[in-house]
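Order as written gives the chain letters A, B, C, D, E, F and G; numbering starts at 1 within each chain.
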Amino acid sequence: MESLSNRKKVVSNKKMSFVESLYLPAIVGGMWITIKHMFKKHNTLKYPEQQRVFAPVYRGMHVLKRDEQGRENCTACGLCAVACPAEAITMVAAERQKGEENLYREEKYAESYEINMLRCIFCGLCEEACPKEAIFLTDRIVPTNFDRDEFVYGKDRLVEQLDNRIDITVRQNTGKRGEK
Amino acid sequence: MNEWLDDDIKPGNNLSKETIDGDIATLNLGPTHPATHGIFQNILKVDGERILSSEQTVGYIHRAFEKIAEHRPYNQITPLTDRLNYCSSPINNMGWHMTVEKLIQAEIPKKVDYMRVIIMELARIADHLICNSVIGVDTGALTGFTYVFQQREKIYELFEEVCGARLTTNVGRIGGFERDFSPTFHKKLKDFLKEFPKVFNEFDNLLSRNRIFMDRTINAGPISAERALEYSFSGPNLRAAGVDYDVRVMNPYSSYQDFDFIVPVGTQGDTYDRFQVRQEEIRQSLSIIKQALDAMPEGKYFADVPEFYLPPKEDVYNKMEALIYHFKIVMGETPVPVGEVYHSVEGGNGEVGFYLISDGGRAPFRLQFRRPCFIYYQAYPEMITGQSISDAVLTLSSMNVIAGELDA
Amino acid sequence: MSNSTITNEFALARLSAKFGDKIISSETPFDLLTIEVPSADAHEIIQWLKEDEVLKVSYLTNLGGVHYPTDKDREFAVVYHIHSLVNNFRIRVKAFIPLGNPAIATITDIFVGANWMERETFDFYGIIFTGHPNLKRILNEEDMDYHPMRKEYQLEDDTRQDKDNRFFGR
Amino acid sequence: MGKITDGKVETIDYQGFQLTTLDKAIGAARANSMWPLPFATSCCGIEYMATMGSNYDLARFGMERMSFSPRQADLLIVAGTISKKLAPILRQVYEQMAEPKWVLSVGACASSGGIFDTYSVLQGIDRIIPVDVYVPGCPPRPEQIIDGIMNIHALVKQESLRRRYSDKYKSMLNDYNIETDVK
Amino acid sequence: MILASIFESGVSIQFYIVLSTILFAIGVLGVLIRKNAIIVLMCVEIMLNAVNLLMVAFSTYFGNGDAQVFVFFIMVVAAAEATIGLSILVLLYRNNRSVDIGLFNKLKG
Amino acid sequence: MDTGLLIEKTILVVVIFAITLFIATYQTYMERKVAAWLQDRVGPDRAGPFGILQPIADAGKMFFKEDFIPANADKWLFIMGPGIAMFTASMTGAVIPWGPPLEMFGRTVVLQVADINIGILFIMGFASIGVYGIMIGGWASNNKFSLFAAIRASSQMISYELAMGVSIITLVLMSGSLSLGEIVHQQHGMNWNIFYQPVAFVVFFICSIAECNRAPFDLAECESELIGGYHTEYGSMKLGFFLFAEYVNLFISSAVIAALFFGGYNFPGMDHFSGNTLAILGTAAFFAKIIFFIFVIMWIRWTLPRFRYDQLMHLGWKKLIPIAMINLLITAVVIGFNSGWFTKKSAKVKQTEKSVAMMPKAKVDAQANYKINFNN
Amino acid sequence: MSSLEIIATVLGGLTIGSALMVVLSPHPVRSVLYLILTFFLISGNYILMNAQFIAVVNIIVYAGAIMVLFLFVLMLLNLSKDNEPKSSIKMKIAATFAGGALLTVLIAALKDSVILPKTEMLENQQGMVENLGQLLFTKYVLPFEMSSILFIAAMVGAVLLAKREKQIIE
């Protein structure tokens, strides 16, 4: 068949030279390559003992951010649930009562907020959809578990703890996101 | 041709009933067979080790992509395309983005094109590495597999640096990228470009001129160019048969016309050809990445399509217009032109096409994926007829049939 | 179609010269020549396209069905994307068939590769390809009693237990 | 090992048995020599391959010998989408495995169906076979897969040799309609 | 050698004669009652072995190696017979899908 | 029979069996570690320090796994298969001379269970019946893949035995003895057969890999084609026996290679030692050689792709057998030339000279040396 | 009876028993296995008679090669108990009588026919490799060579017989 692209090049050479047909040279060559690796340092991450640093933009377990004053950012607008292709997010909105200003930033807040981690595909669309910078994916991984019900993460496990803040500034700044 | 086979039984020859004499056994290759790992089923009729006929069953991981696509807004379809050919998800992602961009007639900055080229070629390398190293594993040489998988791991780290995921990348957005390449990415990419050729050559030396490997792969599962075209082969499998059809060259997208690369072809379309074509394509991809990196233009990493590309978070918080666009995009309420568009990209396994019919609604009215695996896998019985079981296994792995793409 | 040597107009003219009024309509959305043909003549036209010395549209890129539930007697469309590798020219052929008799001639005798694509279309839409050597379901189970891609069937089968639809507004 | 009752999953109490020294020794042996049967259908299978590779090296746990024959396998690793068409095969594989056996469900698709809430996909393999450990993620990182395996190890080490003969275990299998020939 | 002194202690040649005769008779019995041609071939091997046993016994008793050399030749013939016999059987099986010895009837004419 | 000898041999048998089992067990560990090192990995490291307890964990697990016999399998043969494999594998160790004689309790203990004068034939015999375990196991499983494996294994064994036998005969021609002990004796110091018969060594080495069913000749169990091959249906300890037999075979064939071609317990500079020191050093040298060959075979396994069935037959029948035959012919001619068969006096060569003449000169000296040493 | 006599008797009894099982076992594969056992026992008898070489060669040739062939053919043809051809009871009884008669006649004829020269037993070295080799290459060199020709003929014949003919029927 004539060339369609004018860039055709046959790359597969099936003719064996005499030396190649003797088996042994290639075998010895291959064994030489493998034995060289024997004296190289291994490349294994001994996982439970050693941990790899993930990329700052890694899409791992979610966090519901609080602002500097420790108030929850989420306003329960439901955009994340709509944006979720796996339909893994459910929430119940509630009105902020008087005296709760130190807890919730907006007038509305999520009374309950659940992510089904077994459904979640960690695509990051909820993070993008959130207009309030409330939900972020982090570089932590979701632990495994024995029980399917355990994977429905409520606010107790999603909202960041005040004494254990999760820094996502690197994530926000990597790739200069938002600079237009 | 295998010397122990009779001359009259060769692939492509349709066996008459009379040929099939006495000692026929039925062998069930799959679904739980190492070579098919749960997805394919081939019911083989064998005479000794010689395959007389084969009947395939597919659909074991049918996930109804096309149906889901009719129920999801455009931006939520990107994660779906990830899972088509999961070995090279970014190519599918970007193919989809380009399809939508074609529909909305967005103007894409050159920089986005070049970034896409880099990511797509990395994905192609990862895809071909898996395929070729698995050919190695199926011939029994496991070590090459572990060498190149360390490099593939590096590619995944690169993806992780760009988008935050390794395999199902969901990289890019309609209109561009969600963020620019970070300095870490550039550094890692440079390291990769320096280190990869060495390891890759080691892998090549381990297998490609080894007589045992050549004997195993040459003439295993061949298909002629004419038959391959009849079967609508595309990608490396078609090129192995000698037809230099490459979407990147024929219908350049994403500025592929700017890059200089050759289209490697084989001669007989057998396993060895497929292996070598993929090997050379990896080298070409490397060269394309280098060219793209050197000629990377300055500019924005997204197109000016406010109806589809999410505004930055600060603007959403501060500007009314941005907030409205944000809600509209997320809810999928931006107006989409009505129309039909077909766009194809050169995926890891061939022409990945997106046939999109839009009725202006939130979700596509119809989205059909042209899945190269699905199309060429039907030639498998013809390719292995008259071959031995070992050849059948090798042919399967060298065709690189990805179940996600096969069953959709 | 950047370096195509055959223009859409030329191809359409050639087609019209041969088949005349069998080309029901034609348009070129996004630079891709799209013709609509009667379902009875699709086979003949595709065969001619393949064998024509000038066009040589001999590579079947894609074959699929579309369901338009609201169009009376045009409920189903079978869409062929065919490609001339030599001329780098693509053409899309559409044939509409009614819900009452969703049958169209198979093109497996022209393109071997159409086999599974037609089976898939049958599986999804229930379109009967007459003359197909092995027209049975391919992706779904054999005993499935409906054709899931038709618009009237829903995506989910409601076996999912961990979702509360109230929260989704869908 | 979990079981479904009224759509809820409940876990068998592993602390119920007093472990003897033999139990502990055999538990440790089993934990360190789990031969996996990778039922790797889709994306997660590729990540499973990455886990097998040099960078994460399952061999450290004594798991590099893959048993594609169910008779020899101890751990069924279901990685990837299981469609309704594939479900009977998966179940058959599980039934063919010799006791003791464990199941690791890797990834969203296998565990719950993931994004594929469709007519063709099984919404979680725990509908047909009992699952011991779920690994979330789509696909999970190798770290997560190893994490799941470590959880399986913890389970195995706690398991009494007699558990497989217990009524609780049998009744759990009965809930899945799996016949057991353990006397 | 200790083993060589066995005959001194009384295992007589008669013992081996009887033994090999019985073996031979078993071989004959097998040829007569079995219809599977492969088994029949195997019974022929038993008969040959019975002869071998006797040969070796005589050779030992008369202190003459010639008989053992003959055993060697018998083995050669047995091996040749087995290969040819089996290939004929395979051929027969291919044509008739059976290894019934009765099928040899058809060989005539 | 002398009671002392009986006790001595019994102890020897037990010790050799124990060592065989131990080495076979730890070969699995070695295999895993070697594979890991060749592949930039760590290998087992969680079962005990450096994963040293890995084989024990495997054994413990398999022992307590459900013992399963497929419903439609031939029950007795199914059980017999692994047993036969194990038995034949461990029998061959009997004729291998493990070291120079040891002086103990006033007796000279020969470190060889039975120095029968047809030791090589004994090895050939047991090598040839080793295939029954695989064949019976594969057949009894009533599984098509197992049956394929059984058929593959049997034809492979028969084919490679021929070339193996011919290459051994070359050695027998040179040394003039069928006794393994004698052949090892003759390779005193560095006077190893590999220097005289490199071609025979290569052929024998390849054939012994094939007889062990090791990659690249592991067609009987190749995972990517036949799932588990002959042991697809086996689980628990029966599988353990099969795998164990494979490793015992590997150990024994490494030992035979070391004994036949690499001087067995002989090592350069052994004349400086005598008595028990020599015995211990010699045994150590022998085991070092064995472990080296085990390593090489593993190294090959993790490097090379495997053959296809027909290519395997092709290699065996059309390459190795002719090479071995030609080698045999050349050796015979050279030996004949050395002993003067082609000169005029050939007719008058006396019977006694013959056996001496059949050896190269260096060998004769070595033999003389050995006899002197031995008698001291 | 001395201990060695006991050994010989037991060995002989086992030999007869396993040979009988070859004939009586309904399962062809088991027949083969019993035959292998028989060969091992016969080899044991050879060793008792100090014919080491013949004993080992018996194992190598019969157990190692011929019986592998038999087993191979059985597996190749996939013969099992089910497709084993059956012979009638009448036939069996007749055959047993015939065999028994033959046995009686032979034993009667042979039982007292040999008179033993007892002295030569002690120094018996006839079974040793050297002596057999001497005989083979001097006195029996011609038959030896002839047997190798016979072997080659058998090999060629087997290959020719088993080679598959072209089977396409036009």
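The rule we apply is simple: contacts are C-beta pairs under 8 Å (C-beta built on N, C-alpha and C of every residue); 3 or more make two chains touch, one makes a residue touch a chain.
Bear in mind the structure is a predicted one, so any value in this text is a computation, not a measurement.
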Ask   = Which chain's centre, taken as the mean of its Cα atoms, is farthest from the centre of chain D?
value = E
Ask   = Compared with chain A, which chain's mean CA position is the farthest off?
value = E
Ask   = For which pair of chains is the number of C-beta contacts greatest?
value = E-G
Query = Between chain C and chain G, what is the separation of their C-alpha centroids in Å?
reply = 72
Key: Whole-Å separation of chain centres (CA-atom averages), chain B against chain F   = 47
Ask   = What whole-number Å value describes the gap between the mean CA coordinates of chain D and chain E?
value = 56
Message = So the centre of each chain is just the mean of its C-alpha atoms; given that, what is the distance between chain D and chain G in Å?
response = 53
Task = Two or more other chains in contact with one residue: find those residues in chain G.
result = 53, 57, 65, 69, 76-78
Request  = Mind pulling the residue numbers of chain E that touch at least two other chains?
outcome  = 93
Note = The positions of chain F in contact with two or more other chains are 35-36, 38-42, 45, 223, 227, 302-304
Task = Would you tell me which residues of chain F are touching chain G in their complex?
result = 74, 77, 80, 116-118, 121-122, 124-125, 127-129, 131-132, 135-136, 139, 147, 150-151, 154-155, 157-158, 161, 178
Message = Touching residues of chain A toward chain F in the complex: what are they?
response = 27, 30-31, 33-35, 37-38, 40-44, 46
In the complex, chain G residues that touch chain E = 1-2, 4-5, 8-9, 12, 15-16, 19-20, 22-23, 28, 31-32, 35, 38-39, 42, 45-51, 53-54, 57-58, 61-62, 65-66, 69-70, 73-74, 76-77, 79, 83-87, 91-92, 94-96, 98-100, 102-103, 106-107, 110-112, 114, 116-118, 120-124, 126-127, 131-132, 135-136, 139-140, 143-144, 147, 150-151, 153-155, 157-159, 161-162
Note = Listed in rising order, the residues of chain D that touch chain C in the complex are 7, 84-85, 112-113, 117-120, 123
Query = Which of the residues in chain D come into contact with chain B in the complex?
reply = 37-43, 45-47, 49-50, 53-55, 66, 68, 70, 80-83, 85-86, 89-90, 93, 115-116, 118-121, 138-139, 141
